[in-house]
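Below is the structure I would like to discuss, written out as structure tokens.
A, B, C and D label the chains in the order they appear, each numbered from 1.
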Amino acid sequence: MSIQEDDFDIGVEHLRLKSAGNGVGAIVTFTGLVREFESEPKSTDFQRNLSTLTLEYYPEMTEKLLSEIIQQSFDRWPLVAVSVVHRVGSLKPNDQIVFVGVASEHRIEAFQAAQFLMDYLKTRATFWKKIEADGQSHWAEAKVSDNVAAAKWEG
Amino acid sequence: MSIQEDDFDIGVEHLRLKSAGNGVGAIVTFTGLVREFESEPKSTDFQRNLSTLTLEYYPEMTEKLLSEIIQQSFDRWPLVAVSVVHRVGSLKPNDQIVFVGVASEHRIEAFQAAQFLMDYLKTRATFWKKIEADGQSHWAEAKVSDNVAAAKWEG
Amino acid sequence: MINLLFFGRLSEFTKDVSQSYECAGESMTPLIIREKLTLESKALGQELSEPQVLVAVNKMIVKWDHIVRDGDEIAFLPPVTGG
Amino acid sequence: MINLLFFGRLSEFTKDVSQSYECAGESMTPLIIREKLTLESKALGQELSEPQVLVAVNKMIVKWDHIVRDGDEIAFLPPVTGG
């Protein structure tokens, strides 16, 4: 698990998961990218050109939360390895933001765990996005759809 | 889409998906690997050491079926790009067998489409695995769990 | 001439059976050919009669009573196991 | 001394408010500190009172009536938006 300003290399991350142990039959990865267009909050048609995305986090607490989320994924599914990388600082359109990779014996648990990790990361890990678009900046709003996605893993 | 004897490079495939168009915010990849142990059919505890996995296919028909499956994923979800690579011929433990990559605006459809593609590929694309383990060879049996997984996309 | 293809586990049972049939004007279907093959190898006939086995003519999945013509390619397909 | 941290959108409202409080023997909670901050900035007070805003003491999420001690770090956390 890593929180870093530097970019990450999917090939390197994938190789690490592939080499994680005997019996890996499935690797699922998720990569989140900065999109070039930013929908106006509360509007579906007006879009603005994003110039910079700045990611803030809470040092130490964010690492601890990510570790807990990763631990939960191991508690829920028989996984061989999990890798999470989240970038912070200043990013540009098409930059990579986040990587989640899961290696397991079979594909079902790898897909499930990767989705779980992303849903929990999106709603529980202390990162905040500031968006600069068309010369104005605002903090991103939390999405109801992310809370709905995370809620389905409860209970 | 490609059916090939050669190995594939996740970094290259990922870059291709990342560059597929404006607005890509999510990339999900699945990679299937040859596992070092082969469970005996109809037994859960006896395992054999796999030495070679040979993948047979039906030239032209397999390409056509894969194209249809990919088209269906575009019909079902708003995707930006899909990539499918399947190897054939003789493979060894830990070798890569199959790659499915999906690029889309948001993560939900990328995860769903990648699972759909794998479920359909596993149950509809004309590939057959021959397993050599502990000096004996046999053809892999189709898995009920794959049919169950594919059936959930119907109706 | 109708060419026959056997994939996966089916290929293990085809050592002593015809790999093609002359189509001498008579109306031919995969079902009739399966019956002819069963006379040549009972083991192959049993395998081909498994309900999960599909048949393709010219690389399209068809029903077993599909009419085949001279020059067609018939492929017998056991359950797929790729991925 | 209790240090205060404001993240995300909350940091936009803290220009003129205290970033720390002396803890002079009295029993202190994040709720009391929120009330003190509201006196300094009504806008910040409103933001902190949003039900989705969480509070962490020494990097652990706590309830608003958690007792804080000298040397503690209180962080006010708006809904997260990473990933």
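Keep in mind that, in the parts below, a residue touches a chain if its C-beta (ideal position, glycine included) is under 8 Å from a C-beta of that chain, and two chains touch if they have at least 3 such contacts.
Given the structure is predicted, the values throughout are model-derived calculations rather than measurements.
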Next item on the list: Can you give the shortest number of steps from chain A to chain C, where adjacent chains in the path must touch?
Entry: 2
Notebook entry, point to check: Measuring centre to centre, with centres taken as mean CA positions, what chain is farthest from chain A?
Noted result: C
Item checked: Between chain A and chain D, centroid-to-centroid distance (C-alpha), Å -> 27
Notebook entry, point to check: Per the centroid of Cα atoms for each chain, what is the distance between chain B and chain D, given in Å?
Noted result: 50
Next item on the list: Return the distance between the CA-based centres of chain C and chain D, expressed in whole Å.
Entry: 75
Check: Among the residues of chain A, which are close enough to touch at least two other chains?
Finding: 32, 118
Notebook entry, point to check: Hey, which chains are touching each other here?
Noted result: A-B, A-D, B-C
Check: chain A touches which residues of chain D in the complex?
Finding: 5, 7-9, 12, 52, 56, 59-60, 75, 77-83
Checklist line | Partner chain C, residues of chain B touching it in the complex | finding: 32, 55-58, 60-61, 64, 86, 97-98, 118, 121-130, 139-142, 146
Next item on the list: Would you mind writing out the residues of chain A in touch with chain B in their complex?
Entry: 9-11, 14, 18, 22-37, 94, 96, 105, 107-108, 110-111, 114-115, 118, 145, 149
